[in-house]
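Two complexes come next, and they have one chain in common, chain A, joined by chain B in the first and chain C in the second.
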Partner chain A sequence: MSSWLDYTINGLIVGNVYALVAVGLALIFGVSRLINFSQGSIYLVGAYIGWVAVVKLQTPLPVTIVLVATLAGMVGLIVERFGLRPLQNSVRIAPLLATIGISFVLDQIVMLIFSPNPRALPSQLPDVRFQVGGGTIGPLDLLIAAVGVTSALLLFLFLRYSKLGWAVRATAQDRDAAMQMGVDVNRVNQAVFGIAAALGGVSGMLVGMYYNQIDTAMSLQATLKGVVAEVVGGAGSVPGAVAGGLLLGLVESYGVALFGTSYRNLFAFLLLISVLVLRPNGLFVSARQAPPEPLTGTFVAPSRPVRLPPWALLIAFAVFALLPLFPVSSYVLQTLINAWLFGMLALSLTLVAGTVGQVSLGHAALLAIGAYTSALLSLSLSFPVGIAIICGGLMSAALGTLLISPSFRLRGHYVSIATLAIGEIVSLVILNWESVTHGPIGVVGIPPLSLFGYELVGAPSVYWFSFVVMVLLALLQVRLLASHIGRSFRAIRDDDVAARAYGLSLNRYKSLAFIFGGFAAGVSGGIAAHLYSYINHETFNTQQSILALTIVILGGLGNVAGAIVGSVALVGLPEVFRIAAEYRILIYGMVLLLLVRFRPQGLLGTI
Partner chain B sequence: MSNIDRRSLVKGSFAAIVAGAMVSRTALADASEPILLGVSGPLTGPNAQYGAQWKQGFDLALDEIHAAGGINGRKLAYNFEDSQSDPRQSVAIAQKFVSDPRIVMELGDFSSPASMAASPIYQRAGLVQFGFTNSHPDFTKGGDFMWSTSVSQADEQPLLALYAVRHLGLKKLAVLHQNTDWGRTSRDYFVNAAKGYGADVVITEGYIADDRDFRSTLVRVRDANPDGLILISYYSDGALIARQARQVGLKQTICAASSVYSPKFLELGGEAVEDVHLGTRYFPQDPRPEVRKFIDGFKAKYGGQEPDAFNAYAYDAMNMAAAVLRIGGTDRRAIRDAFAKVHDVPMVIFGSATFDVESRRIKGAMNAELVIRKGQFTLWDGKPT
Partner chain C sequence: MAGPIEASASASGAADPVFLSLRGLTRRFGGLTAVDAIDLDLGEGELVSIIGPNGAGKTTLFNLVTGLDRPDAGEVRLDREVITGLSPETLASRGIARTFQLGRVFGNLSVMDNVLIGAHTRLRAVKPAVPLIGPLLELVLALVRPYSVKSEEERLREEVRGILARFGDRLLPRIDQPAYSLSYANRRRVEIARALALAPRLLLLDEPTAGMNPSETAEMQALIAELKAEGLTILLIEHKLDMVMRLSDRVVVMDEGRKIAEGVGEDVRKDPKVIEAYLGHGLSQAAMDEREPAA
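So, the complex of A and B:
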């Protein structure tokens, strides 16, 4: 029985850590309704500033904390001033994408300065341990808890009783009205980003000390867990974020206790999904509070899409169709094959995110479902590869729609978070369902692509195959969008209340979109599996989901041609920047930021 | 200039592109050019640290190879392409390497998904893919152009089991392993060997490589009541587990796989890794000449820094590549055949290495039983802790 006490304490200890990250996220979400994907990077920056202070300057702890808070806060101000403020009159999606770009840039700068090797960040607190249950806790555990609770309390008081706090809340409720009442909205935003960044920096440093280890990979993990904790607690609520963090820690700890370590994150994300479905406002926010502004409609930039003349499309088609006949290297062809595969994924995402307004952050899961289905069918049941790939597409359509269906009632950001969680769940199920997926060992020896008995192994034949499949899917999607179904999709995106009043069944149309989109993504995954010959649970990861979303936004949400242009650009750019070696992801992040800044509606515009 | 119309401009430039492509294909590297190896590995992304360590090992080996007169008088160089350990990028890099006539052999990639996705391309094009960290049992089954100097876990894990069970006398083991292809394969070999030596494995726990919190896992371990902990970990997660094991009150003997063998393990683990036992392929005071050359050379080149296991793998791989090229020359097929011909190449990990032609791997890694005493890796003195 005493073990349960230990599990509880351990859950609270790690929950503490999650809470600290979640508080910063909650603050920003509360004011700007923005999931700040760069919060994890500020956390990283704070940890490394802490390392410089502790190891190089040997400052005492209070000085270290002040130094980290000040410098991280300044980074936050810079991010706000140059990364986000120029976008304030832009569409909602632009700042979201900008935070992703900023996190690339910050992570890479830290990596270039400090090298990717992990470093020890020694704790400056006396090394005494207190016996609690079977284990011990140290002063750092208490300090982290104290910082979490105190900052939540201070923020709560600040928001409720100070004048700037009122301004913050007024801005959160209605920006324009606040401006009319004389609130300097920019100053409010600045204050919020500064505070959140200072807090984020200090948490990064404390957590680094807690584990005596900092490395450049800590940023994405921190963001993921922070987002989960924040949403569980109630997005935008600071005390809720603390409670959500602790709850998340407890659920993970009990999950480990009951089922074993490899199931730990599964519980975190299942918790998230159940909270989203049952209490989308979060557990600790009163249900009476006005729901956060629906982000559909305003989420997608209204713009006049660039109409590509038919002759231009024909020429582009002819050039790409005939390309392998010219002396181009197989490296160029392979890069374009990747672009076509991502093009299919982007077609799928641009339909559900752009046309129907369900911005998905877990699209790689559809790739994985298609890939595993196709690989396993062709290996264990000797299905011909072509049929196996189609089955992969169908399985992705069916399973993907089934998994997402409980989240159909969600809107805006919540859809993104739910799909993020579903993506992680699929990957964890693949890891743990060993009898079918072979777990971490992966699927080996997947037969190469073939069509009517002919193996497609050379770069040109694979190129043509993936190109033709993508073009067919694109034409099908264009046809779909021009039909009444396409109009209904857009109606749901632009105003779901009106659409429902008009008699459209939202769930039915959302299902249709996910079925079609799931098929395209599954086919893409299936082709990739046969191309790679080996897949495991890491082959289709969160980074691919984020890349897919970036492609879709870059091309223009809902824009079929844009999805393809975007994937050629974003798959091609990192290859073009190869010459820059370690700097290439930094350059990629900056290009992304510039694109968001100057063309938030995407290259070809939203439809 | 002004009377060149658009059509002839297009035609002309097209002809130029074709001509350029032909020239680059036929231009054979002359003897003053270095022989070029392609390296596919992570320089950015979550595994970037390992790519950086590879580079250190490669560069040291290249210095020594050049000091010894290069490859039959020619210099050796490598072209490191960043794959982020992402299969999508490693297949593009593979196409790039196979269509570049200057590249005579490829080294890498780091992770199994990235490496094995590229294997079919290397195999069909007939370019050797020399994976030196690829422990996945099926890596070399990708074809006769896949060769590996990665220590087979079928070799390594029984040695660790011998150390833990026979020499340290542990009878009830808890195994914590990374839930990756490497961790799982290693765990299976370890558990089999340990049972063969008469120990019980009371619990095995697989964890995700970027997990940082292990306290709850360790309570589970504690409740299984083992007398020893086996870590199949890398140095960063291994250090975290050791620290947290002491925090939750576990005082059992810890025994770790060779992949934690890094000065970082000592730095990150601090006092918690004191008395941790580990089986490695070499040790700092190792008198073997190839080890002395490696460690002393490494410290001299990198300002006193101690090398770690990944530095050693890369260093060995470059030396093996040089040995192969000395026999095989610069023809890709002859290089493949040369892998079967090299014998007794001095290597840090294997002592002297000869490939087993059937499995395209090397059998019989060296073994040293170390323990951490006073914050240093030292040869185990036979005393239990």
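So, the complex of A and C:
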């Protein structure tokens, strides 16, 4: 039984850290109804500032903590001032996308400065364990607990007794009323981002010390865990965030105790999905009235889409179709094959995120489902590759829609969290379901692309194949958008309340969008599997989801031609200019930020 | 059901069959009772107006009838059938159409598409009523578009042009423009056009003339009178009292969630409870007079 106490202590300590991250998220959500996807990056920044302080400057622990909190807080202020404040009067989707962009920029900067290799972050504390009941507890555990309690106390005092704290609470309750009463909302935002970043930075440092290891992959994990804790506790509720963090820590710790470490995240995300489905307001927030929704559909930037003349499209089609006949290097063709594969993913995402307004952050999971289905069918059951790819598309359509369906009742930012979590769940299931997916080993020796028994050898044939498939999918999507379904999708995006009042079932049309989009993504994944001949659970990852999202924003939400133009631009151009891989993500993040700020409707306009 | 049932049917003199009937309809938000045991009967082809100060619960009542909100107690019947708590989608398919107080057009959709969404519940050819695989068939039919689907769409488009023509040349020349580019008054018109495209059996209009100038209001009033003359059953929320007096068969006055008076035009206007409700909410006598120029 003694180990149970250890697991409980461990759960509470880790939960304490989650709570620190979640409290910051809750403060930000409270005043600006924004889920800050860059919180994990600040946590990462905090961990590396801590590393510099401890290892390079050899500062004593109290100084380290103050240094980390101050510098991370300053990063938070910068993020607020330059990343988010300019978007205040923007469409609802803009700040969400901006925090995603900021997160990628920050992560990448850290990675460029410190390299992605893990580093040790010693805790500077004596390595002793105290016997407590049946378990043990170390000085670091006590430190984390103390930091948690102290921060909670300081925050409580700030919110309760300082004037700025009152302003924060007033803004959280009713932003418009607070503004009319003379509360400087910018200052409130600043304060909240500063506090959130200081807490996030310190928790990153503590976690680094706890595991004595930091690496750049921490960021996404921290964002996910923080968001889970926050949503479980009730978005915007500070006490809820603390409770949610502790609960999440315990659930994970017990889950690990029962099933092993590779299941840690699975429990976190299952907790999230069940809370979102059963109690979308959170466990610790009494059911309130639904928050007032904006009155007109301004989720996406209104714009008049650029009408491409048919002859221009025909010329573009002819140029790309005939390209392999000219003496172009196979490197160019490889790059464009990649662009076409991303084009299919972007077609899928532009339908789901742009046309129906469900900003999916887990779209790579659809690739993975299609890829594994196609690979395994052709390997184990000897399906012809062409059929296997189609089956992959169908499986993505069916399974993807099924998995995403719990989130159909959610709105806006919550959809993004749910899809992010579902994407992680898919990747974790692939990792753990060894009997089918071969687990961490991955699937090897996937048969190459072939059509009607003829193997597609050489870049040109693969190029034509993927190009034709993408064009067909694009034409099909154009046809869908011109039908009553297309108009129903867009109506749901613009105003789901009015749409329901006119008989549009949200479940039905969101399902249809994911079925159609899932098919395109699954086909893309299937082709990729046969092209790569090897896939594992990390082949299709969140970075691809974010790249797809950037492509979609660049092209114009819902814009079919835009999705393809965007893929060529973002997949093709960096390749052509031979930009090193580590700078690419930085560029994607910057592109996303600049687009959201200066051209939210994208190159070709929202449809 | 402890609601006050006096006065409810007394004023509706005519013996027309009750088409919409509310009994003890109640909705509470925390400590506030937004709609408090409302009884209301609406005969077929009747136009009943609901008036009352801001915050009286009129729009909440509309939300309860159209399924956007669920009542805590009470019952709604449409054509004798209990429809309490049904989803808005289902109620739309039963023929209830509404407009929204603050305007909820689909901003990025063209005028044509906005109004076509109104006709969504009338799509038959492209939405076969097959259980389970119905949605998939819909997807296939939308992509393949056989003749029946095409002709249905064309017929509805023709009908939409007819509906838009009712607004003179306010909307027809802008038929392909996105709704966000329209003037406020035109957005209200699009909403009403969208509601008419549903071919409603019951139309709920929530302040259709809010934000309109006198001549636009007169235009709207003429249109509503026309709809009434065509036999449409209408529930109207409106603040412009002389318009209410001219159009309504009956007027229901709400205050703080309760029905405080009901009757034919002038009787209601002179009801001391009504005057008090308005005055009690800070409306001066002068403002009352101004609102009610001699009918």
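The rule we apply is simple: the second predicted complex is superposed on the first by the 530 of 607 C-alpha atoms of A that agree within 3 Å, B and C clash if a C-alpha of one lies under 4 Å from a C-alpha of the other, contacts with A are read in each partner's own complex, and residues count from 1 in each chain.
Everything below uses one rule, namely that a contact is a pair of C-beta atoms (placed from the backbone, for glycine too) under 8 Å apart; a residue touches a chain by one contact, two chains touch by 3 or more.
Here the structure is a predicted model, which is why all the values come from computation and not from measurement.
J.: If we overlay the two complexes on their shared chain A, which of chain B and chain C does A:Phe516 touch? Say first, second, both or neither.
T.: A:Phe516: touches chain C, not chain B.
J.: Using the touch definition from the top, say if A:Arg479 reaches chain B (first), chain C (second), both or neither.
T.: A:Arg479 contacts chain C only, not chain B.
J.: Is A:Ile113 contacted by the first partner chain B, the second partner chain C, both or neither?
T.: Touch status of A:Ile113: no partner.
J.: Now for A:Ala491: first (chain B), second (chain C), both, or neither, which partner does it touch?
T.: second
J.: In the three-chain superposition, say which chain, chain B or chain C, touches more residues of chain A.
T.: The partner making contact with more of chain A's residues is B.
J.: Looking at A:Leu504 after the superposition, I want to know if it touches chain B, chain C, both of them or none. Which is it: first, second, both, neither?
T.: second
J.: Which of the two partners, first being chain B and second being chain C, lies in contact with A:Gln213: first, second, both, or neither?
T.: first
J.: What does chain A use to touch chain B in their complex?
T.: 3, 6-7, 10-11, 13-14, 17, 108, 111, 115-120, 122, 129, 134-138, 211-213, 215-218, 220-221, 252-253, 256-257, 260-262, 264-265, 326-327, 329-331, 333-335, 338, 341, 431, 439-442, 444-445, 448, 457-459, 528, 531-536, 538-539, 543-544, 571, 574-575, 578, 581-582, 584-585
J.: Provide the residue numbers of chain B that touch chain A in the complex, in ascending order.
T.: Residues of chain B touching chain A: 17-18, 21-22, 43-46, 48-49, 51-53, 80-82, 86-89, 91-92, 94-96, 98-99, 111-113, 116-117, 119-121, 124, 136, 138, 141-142, 179-181, 183-185, 205-208, 210-217, 219-220, 222-223, 236, 239-240, 243, 247-249, 264, 267-270.
J.: In their complex, what parts of chain C are in touch with chain A?
T.: On the chain C side, the touching residues are 29-30, 66-68, 87-89, 92-93, 97-98, 100, 102-109, 113-114, 116-118, 120-121, 123, 126, 135-136, 138-139, 142-143, 145, 153, 178, 180, 194, 198.
J.: Enumerate the contact residues on chain A facing chain C in the complex.
T.: Answer in residue numbers: 289, 295-298, 300, 302, 304, 476, 479-480, 483-485, 487-488, 490-491, 493-495, 497-505, 508, 511-512, 515-516, 606-607.
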